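Just below is one structure, and these are the notes that go with it.
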Amino acid sequence: MPYVNIKITDENVTSQQKAELIEGVTELLKIVLNKNPETTVVVIDEVSTDNWGIGGQQVTERRKKGK
Amino acid sequence: MPYVNIKITDENVTSQQKAELIEGVTELLKIVLNKNPETTVVVIDEVSTDNWGIGGQQVTERRKKGK
Amino acid sequence: MPYVNIKITDENVTSQQKAELIEGVTELLKIVLNKNPETTVVVIDEVSTDNWGIGGQQVTERRKKGK
Amino acid sequence: MPYVNIKITDENVTSQQKAELIEGVTELLKIVLNKNPETTVVVIDEVSTDNWGIGGQQVTERRKKGK
Amino acid sequence: MPYVNIKITDENVTSQQKAELIEGVTELLKIVLNKNPETTVVVIDEVSTDNWGIGGQQVTERRKKGK
Amino acid sequence: MPYVNIKITDENVTSQQKAELIEGVTELLKIVLNKNPETTVVVIDEVSTDNWGIGGQQVTERRKKGK
């Protein structure tokens, strides 16, 4: 029954990597809290680097500086 | 003043269906809690089936199996 | 499989009212989008009126003015 | 360490405006709560006017009426 | 830089279990996407069973029926 | 009409500080995007330091180490 939302920047994440995140988080909740995988929901949001800020700056700008 | 966020998979939801969800949720909050519809906000997120997991699996994979 | 998050101010909402919101939203998603109620998740967040702002003001202040 | 999520309608917001929102919110958290800008995360979601409801209506419809 | 939100029912989760969830998710994002653990944020929300619905019903009610 | 969610750790934030966050964010959205303050919603979530992780660790642990 847990609900997990993963927000990451939209930078060429493959479908295989998403599958691994979903499987891994679901497994983690089973191991740590004995949650039933059948009703564990995972939603991945890919966010444009223009729309993600850290350190007061867009990630787009940080990437240009090699961060 | 309530805020409602509805997350569903991105599978051909029509504008008319979205209108019905918005109207229905707003009405429900008026009936149950007497909330003023004028300030009830509803946001619908349509999520790619690659990015939605349940049972440890992407919905894309589940759809292939007829689930 | 839908996930719905309802945020309301924390002002004496009863367990019965919460049950009605959960039942109502789940039914709405079945009617409009044919979503299976068994995997529809609804989470209600009750937020302190000090922590909710509208019109640039805390709801606590607005309530004092009879809004 | 704060996390801020800003949801707005998807109506021609420029990259420059997004940069200003990110900078402004990060600065605000520094001034009010002395939060370290280096770990303040801001995520902006732009939502289709079809998917945003207020007053029980899609914003798309409200725009047509000049609201 | 990823942001992860884990919502679970408020049913005696220990601080140790929370630490394991935080560590596990952060590690997963490092393994799968090579994300820097130093800026990975994880927020756990514990939700009252009265406020969590699945199958159109409060979890409180489901627990009484042994589900 | 914007919706802003601010998540911070639950560490003695005063009602006055919350009022300043709400006023500041609402003003920022008016200045940058000309959004109407009357319908701008701000919700502040205060999260226990046990439930907030960064760098793979609970903030509670980090505070003990003077971080």
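In order of appearance the chains are A, B, C, D, E and F, and numbering begins at 1 in each one.
Just so we're on the same page, a contact is a pair of C-beta atoms (placed from the backbone, for glycine too) under 8 Å apart; a residue touches a chain by one contact, two chains touch by 3 or more.
Because the structure is predicted, anything quoted here is derived from the model rather than measured.
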Chain labels contacting subunit B and also subunit D:
A, F
So what angle, to the nearest 5 degrees, turns subunit A so that its CA atoms land on those of subunit E?
180
Work out which of B-F, A-E or B-D repeats the contact pattern of A-D, with more than half of the residue-numbered contact pairs in common.
B-D
Roughly how many whole angstrom separate the Cα centroids of subunit D and subunit F?
14
Centroid from C-alpha atoms only, then distance subunit A to subunit C, rounded to Å. What do you get?
26
If you average the Cα atoms of subunit A and of subunit B to get two centres, how far apart are those centres in Å?
20
Counting only residues that touch at least two other chains, what does the list for subunit E look like?
1, 3, 7, 21, 25, 39, 41, 43, 52, 54
Which pairs of chains touch, using the document's own definition
A-B, A-C, A-D, A-E, B-C, B-D, B-F, C-E, C-F, D-E, D-F, E-F
Under the definition above, what is the set of subunit A residues touching subunit D in their complex?
7, 47, 50-58, 60-61
In the complex with subunit E, residue positions of subunit C that touch it
15, 18-19, 21-23, 25-27, 37-46
Across the complex, what residues on subunit B touch subunit C?
1-9, 13, 17, 20-21, 24-25, 28-29, 31-33, 35, 39, 52, 54, 59
Across the complex, what residues on subunit A touch subunit C?
1, 3, 39, 41, 43
